[in-house]
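Shared between the two complexes below is subunit A, which pairs with subunit B and subunit C, respectively.
Let's look at the complex of A and B:
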């Protein structure tokens, strides 16, 4: 007995919303204030790592097509990589700031996987729209953590980074297994009785 | 203006309705791997969204490849596709289907059912050709990754128990991480190769092939699911062990990795073939674990301890030399039992293909044992005297032979042992697939 795919999307949307709120709080309060409690520094990296771990059951249990399996597998791996690297940076186990680049890498891979595994146009259906919005948001959003690697104290980059996750969360919350987009159905999906 | 556009987009997204991604098969009659007593009049497939059926959307084959279906067409509604059948005799049947999904993708799949007999797994459907050379290599890589992980963790916990230099720790975690990564990636590749063979589809169409019957309708698929989830958890535990420096995580990772490696034993010859039982499955798992600890230990000695910690070379070598005979004894004991089980007659060793591969494997094992014996007799005294030149190269040599044993084992696992007449009923159909 599997939950509907939309429920799984909402679960991950909740996770991304929490990540976005943490990042936004860090951006607005400033890194020093945010890191005054040590556990806070592990919060959003831990959420991303744990999200990656949770993506594996999605990959193995939703096998109704190979391309879905591969896309979810790639998300699981890059989320664990990025979350793990951030956890290690927070703990001091990793020192080089270039490990920050695992986040833009993860975003680019995730966005590409989202776009590749959706071959329909933007307005084909709700699911297609969600895939396109998430894919492009995440690819463009990769610029923010990239900028943050070079200018760690930039408010713009930090806020943009948080908003990237916020947009993904909002869009994922709108995902439905069966829904039109802007009231539009593709002719191909209308039942032909 | 921008705000209005964003608002409109959000409102539009919030309105529920009905449209789809590509179609998924949600029901079939006869069902996946169902055993039925009476000939069905037709095969009916039900999808979760409307699909377009073609005349050849469903083809039903006998075990010999004869087509017993007529022209396919739409069923009761656009969600159904059906095909009338000719009268079916007792036997196993393969259903290959494809339909045009609403999103324009051709979705495809395969499953089996049996008329008055148990249905074979979909990996043995008509048209599937069985493991290829690519699968031998993939399985070998899987064994190597398992050795890196299980053997590496075992070495660190049982041989090198105390604190270690930072360089050694770093290499150890890189090796264990590579092991986890290899198990996950190679596992996915192995699953896709097996699915490709069962579905008999070119890569482009395989991307939209329904893998559910293989993932949940076969022991191989169940093992893939369990092992992927298990090794992902092991990867997280190894990461936390590195991050926090707590050995407890490594112990849990080691025990979990060893436990989940049993998926290979439960889905291989020892779990599926005639004569298999919990004893053969346990023996196979012990055989596999001992081999992983042996090969992984050699890799750790040669590539982790020797280059990074000269002061630990001697104690590590001596401790491994104490454990190795136990591993070899267990390995040989379980291996001999399994060989006798699968090859009841001695002549099978040279008359059957499986037996010939086993002979090659045994020869390589003998070579590895001789190499290990030489280490015991020649290297130990030299190390005890404080001279260790050339030992690393020799360890790498023994490791290379051990890896070639794993290659022979990979070919052996993918080969079919001879089936004695008295035990000709396969055990695999006894466990019937769950409906995805």
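Let's look at the complex of A and C:
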């Protein structure tokens, strides 16, 4: 009763889309309004932490190779670290704002893992293309939470951070196990599967 | 027109750009999912369920996008907008 790999990508895309909407709302409302209700401060860090928990069964059941297992395992760890640190910051158990750096760290490790565990080139298949786009989006997107750590009230950094999750969600929704890379526009590119 | 309805209309008319932007996030997401469903109806396996397995019927990406938009609009956006308006009112005084 194991879901196909593409369905797993879509379920994570759903979670990332919700995180993106929360981050966009936080960016637009500003931290003062967003933190007025306690439960809201736990919302997106909780979703990230829960996503990290769900990466463990992905690591266990989708082990195509050792590099897949290592990539999914490292994802699980850094997502839980980033989510947990944000939860602790929200509850006041952690005080230093430098714990915010766990988020760019998680994004860089996740992006690198996405690129490293995809052994094929960009135009090998839809799945390969999706992993390359997600990997580079997340690595470049790590600049936004890094900037947000230094300038927490910056609308640009907060919006960029939210849009990173939005782009990743959209790209993950396009993941298919077998499909032309660019759908109807794929005449120029022949996929291997 | 009742006083309550008139008050609600007045409140909506005086919403800030930021509050309107937050209020539009959910509906825009729902519209995005609906447009996707129209453009790629084959992604909605409920429209042709015969022979589909559990996961193909349970996980329908365009409907998941609509669901996220609805959840955000019903559970998250109203509180954020209300708190934002309170913060803006306090700053204006």
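Here are some notes:
Everything that follows uses one rule, which is that the second predicted complex is superposed on the first by the 182 of 193 C-alpha atoms of A that agree within 3 Å, B and C clash if a C-alpha of one lies under 4 Å from a C-alpha of the other, contacts with A are read in each partner's own complex, and residues count from 1 in each chain.
In the analysis below, a residue touches a chain if its C-beta (ideal position, glycine included) is under 8 Å from a C-beta of that chain, and two chains touch if they have at least 3 such contacts.
These figures come from a predicted structure and were not determined experimentally.
Applying the stated contact rule after C-alpha superposition, one finds that A:119 touches subunit B and leaves subunit C untouched. By the document's definition of touching, neither partner reaches A:97: not subunit B, not subunit C.
Ranked by how many residues of subunit A each touches, subunit B and subunit C are led by B.
In the superposed pair of complexes, A:153 makes contact with neither subunit B nor subunit C.
Judged by the touch definition given at the top, the superposed model places A:66 against subunit B, while subunit C stays out of reach. Using the contact criterion defined above for the overlaid structures, shared-chain residue A:127 touches subunit B, although it does not reach subunit C. Across the interface of their complex, subunit A is touched by residues 18, 21-22, 25-26, 29, 54-56, 59, 61, 64-65, 67-69, 71-72, 76-77, 79-80, 83-84, 86-87 of subunit C.
Against subunit B, in their complex, subunit A makes its touches with residues 49, 53, 56-57, 59-61, 63-67, 69-70, 73, 76-77, 80, 84, 87-88, 91, 93, 119-120, 124-130, 170-171, 174, 176-183, 185-186, 188-193.
Against subunit C, in their complex, subunit A makes its touches with residues 1, 3-4, 7, 10-11, 13-14, 17-18, 21-22, 24-25, 28-30, 32-34, 36-37, 40, 43, 173. Here subunit B touches subunit A in the complex through residues 10, 12-22, 24-25, 49-50, 52, 77-79, 102-105, 107, 184, 188, 192, 195, 206-212, 214-216, 224-225, 228-229, 232-233, 235-236, 239, 242-244, 436, going by the rule given at the top.
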